[in-house]
Each structure stands twice: as structure tokens, then as C-alpha cells.
Amino acid sequence: MNKLIDHVTEYRVRYSDTDKMGVVYHGNYLRIFEIARTELLRSLGLPYAELEASGVMLPVLESYAKYQKPARYDDLLCLRATIPADVSLRLTISYSIECQTDTLVTGWTRHAFVTADTFKPIRPPRKFLEIVRGSLA
Amino acid sequence: MNKLIDHVTEYRVRYSDTDKMGVVYHGNYLRIFEIARTELLRSLGLPYAELEASGVMLPVLESYAKYQKPARYDDLLCLRATIPADVSLRLTISYSIECQTDTLVTGWTRHAFVTADTFKPIRPPRKFLEIVRGSLA
Amino acid sequence: MNKLIDHVTEYRVRYSDTDKMGVVYHGNYLRIFEIARTELLRSLGLPYAELEASGVMLPVLESYAKYQKPARYDDLLCLRATIPADVSLRLTISYSIECQTDTLVTGWTRHAFVTADTFKPIRPPRKFLEIVRGSLA
Amino acid sequence: MNKLIDHVTEYRVRYSDTDKMGVVYHGNYLRIFEIARTELLRSLGLPYAELEASGVMLPVLESYAKYQKPARYDDLLCLRATIPADVSLRLTISYSIECQTDTLVTGWTRHAFVTADTFKPIRPPRKFLEIVRGSLA
């Protein structure tokens, strides 16, 4: 069974996030997903900035989002990001954006591990795998 | 057989579109998809601004993007948007972002037709269906 | 003498904030200034969302920014916003974006008080003036 | 007398540019100014991408904008950028955003010439000066 690791971060909706429908512009959720996964990695002791400094990048290969209910100006959102403990060559991160008891947006992004200089695909760094697996121990 | 209608618009990559990887930030493609579909609708004689003025909106229900190759600063991109001539309750628009002979990003968005005031789902406006079907005649 | 009220909020730099120079895109600081002034108003017990709900808006009339040093990916910035306790018809809010001991960006925005429905200029709401003046008592 | 060089580019307002006030978010005009100055430089035969490729960058030191009237969704804007023919160590570019007969936003940005690798200030490249001065001949 594949276990899951998740983390929740808060995000306040700003005027700049909204559009003339009075709700968060759908395209801004990919930016909000980025916040969710960055704080998930930080919470595991794996800040993405350190990963890059060590020569590894996690570019986005694919993204999907389902917009179920609108988020509005000044809403305080809960950003939930989830990764499987059993990471393989590709890393899929799932997201759920919630406000109070409502789920507003769900989605996922799929990432490769590549070298920061040549963008060649590589296996996940050992430290990454150990920490992710260990976080469930 | 479901026939297709497509349209190509040009887009110049700006500094503001890029991120520190030196390429277009993946989240910006949803904004670029919007440009592609807006110009497709305009080319059919159905400007989205007029659709809204007539009381109909096309909110995004879902979006998907596959990032195959990076777009770079000052690239002149071709944005291809495609809709089926046979529109039903939901409208799916497909996108292909190309630069010279390369396909960089593909994806799609799925939309509902709703009333602009109450956001209630409605059937596609008759004028919309007639124009879309007629554009293949 | 015109006394000042200020407030500090933290902001984490995201990938989406950066550009291909590897630093925060200059145009994003106006969005960051918005965060600073929104949290200043909230700290005074005057959430901007409530101001709007009461029929008053504070549109931006002018903005100025001076980019002294670059902010980089994952920097944790301190956003300092300052308003004068003696508000007149126009409200000028000043900003200082700091990282550790460095001042990176400074600037200001100038706002009018207008009615939310007709955008007519009005005097600052009595509650606004009382709270701002009282916060120094 | 200091002569001026200007250039006009068109820009279509998108949904992603607007905010819940129903108008273009003020912070987006710095991105729109970038489009105006980039096309001005291109029109002179000095594409900014080539300038960077030759090792010279023009980072923004300061920016100012005055928001006089709102731009709305689907407006087709005229972006006018102006530079003085007599460039010195600092380059100030002025902007005027117009829609039909209205001036909506004016402003300016101030730039330094720096080396792309070390960010050291340098004098404007000879080719830059010759072209700018020559464009008035």
C-alpha cells in the first residue's frame, strides 16, 4: 500500500488574485499549488531552494486542476499538498484548496527530477527518498 | 464524425512571463490559453465580451496542460485553439503552443455555459451553436 | 507633527515571482505592496474587505517604487507599510521591503476614498479616521 | 533641445488582467509598460533580447504610474513609449496608455545599463547611442 504525506499551508486571497467575475482567476491556482508543494517540501526538511542548490530541479511536466467552487477576495484558504511516500522516477503531487468546510479546487502536478545545469532526467536523490520514506516511519 | 474549428494567434514572450529557470513559468500558460480561446471566439464573430454582455459566461471547470519544451524570452509563439463543431452542454477547448517547428505545450480547458447573474448552468445559446456549426458549412 | 502608524508582514518569495534575471520581477512589487497595506489595515481593525462591504473603496491613484537591491527565490521578506495618523482627502501609504538587514525596495501608493457603487470621491469615513487617530493615543 | 523618439504598440486587455473592481489591476501596468518599451526598442532595430545577448542589461531602478481612468476587459489599448534621443548614464522611458481618445495611465521607468554577468554599471553601448541618435536624423 502506498502511504501518503501531506501538509497544510494557509493562503490569503488578494485583490491581485481576483478577476472581473469577482473570484480568483483560474490561472492563479497553479501559482497557489506551487506555494502548497514548496511548504510541503520545507516541512519535510527538504526546502526546494536547497534541492536546487544541490544541483537538482523538479520541473513541472503536467498539471491538472478542477475548479469546483470559487474563492473570493480576502478568503483565508487552506492549501493541502500530498505526495506518495513511494516516489519513483516521476513525482506526482496532489492538491486540495479548501475554505472552511468547502473544497474549492483540486488538482495535481507531475514532476521530473533533472540536473539543474543540463536538464537531464535523473533518479530522485537518495536524501530525498530517505526523508520522504522516513517521514512515515 | 465531429469536425473541428481552429484558430491561430501570435504571442510574444515577455520578461514578466519568465521565471528564474529562464523559461516561461508553467502557471502562465493558462493565461496564454485564455488569449488563444478569446481570439478563436472573436474570429468566429463571437467575441466573449459580447457573450458576457448578452448574459452568458463560460467559466473554466477544469484545465490540463502538458509542458513538453520550454518557451524562452522574446519567442514569438503560435497559439492554436480548437473547438469541436458539435458543442454540447460542456465545451472543451484544446490548445497547442508552438514555436517554429516545435510543439511546446498542449492542453485543454473545459467550460460550462452559465447565466452571468446567477451562475446557473444553461444550454449553449442558439446563436453560439449556429455560428459554430455554420463555420464549417 | 504628523505621527506615523506602521505594520510589518512577512512574505516568502515564490518561483512565480521571479524572472529570468533570477530575481523578483519589478512589476510584482505592486502586488507585494498590496499585501503590506492590506495587513496594515487589518492590524488596525479595519479590514479592507469590510471597508468595501460598507460601500467605500480605496483605488490606487499613483504608485512609485525604487528598486535598490534584488529579492531572490525563497527569501523571507519583511513588508513594512506606514500611514500618517493625520489622513486627509488623499491617503498616502509608504512601503519598505526588507530582507535581513537590507532594504530592497521602497515606494508609496496614493489612494482616494470613493463610493463602491458610483466611484464618486468622498471624505474618509468617520470610523476610519477615529481608528487611525486613536491607534496612536 | 532634447528630442524624443516614440513608438505605439497595441495591447488587448485580458480577463487575467482584471480584478474584482472590473478593471485592469493597477499592478499589471508595469507589465504593460514592459511591452511598450520592448517594442519601442525593437522598432529602433535594438531588440532587448539582442542587447542581453551582447552582455548588457537594462534593469529597472524606479517606476512611477498615475492611474487616471480604468481600462476594461477586451479594451484595445494603445501603448505609447517615449525615450529621449539624448541618452545619458540613466535611461528614462515614459509611457502613455490610451484607449480611443482617452489617456488612461501615464508613467515612467528609469533604467541603468549594467553588465549581464556582474551587474556592474556601464556606459550605454556605442551602438545603442548611435541608433537612438540616428533615429532622429
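We just call them A, B, C and D in the order they show up, numbering each chain from 1.
The definition used in the following text is that a residue touches a chain if its C-beta (ideal position, glycine included) is under 8 Å from a C-beta of that chain, and two chains touch if they have at least 3 such contacts.
Treat the numbers as computed from the prediction; the structure is a model and nothing was measured.
Undergrad: Measuring centre to centre with C-alpha atoms, which chain is farthest from chain B?
TA: C
Undergrad: Counting C-beta pairs in contact, which chain pair has more, C-D or A-C?
TA: Output for the comparison: C-D.
Undergrad: Same or different, please, for the chain A to chain B contact, judged on whether over half of the interface numbers appear on both copies.
TA: Interface between chain A and chain B is built from largely the same residues.
Undergrad: With a Cα-based fit, what is the angle in degrees between chain B and its identical partner chain D, given to the nearest 5?
TA: A turn of 180 degrees brings the C-alpha atoms of chain B onto chain D.
Undergrad: Measure off the straight-line distance from the CA centroid of chain A to the CA centroid of chain C, and report it in whole Å.
TA: 28
Undergrad: For chain C and chain D, what's the span in angstrom between their mean Cα positions?
TA: The mean C-alpha positions of chain C and chain D differ by 25 Å.
Undergrad: Return the residues of chain C touching two or more other chains; collapse runs of consecutive numbers into ranges.
TA: Within chain C, the residues that touch at least two other chains are 15-16, 27, 31, 34, 73.
Undergrad: Hey, which residues of chain A end up touching chain C in the complex?
TA: It is residues 12, 14-16, 31, 34-35, 38, 47-49, 73-74 of chain A that touch chain C.
Undergrad: Along chain C, where are the residues that touch chain D in the complex?
TA: 21, 26-28, 30-31, 34, 57, 59-67
Undergrad: What part of chain D is in contact with chain A in the complex they form?
TA: My answer: residues 15-16, 18-20, 22-23, 25, 27, 73.
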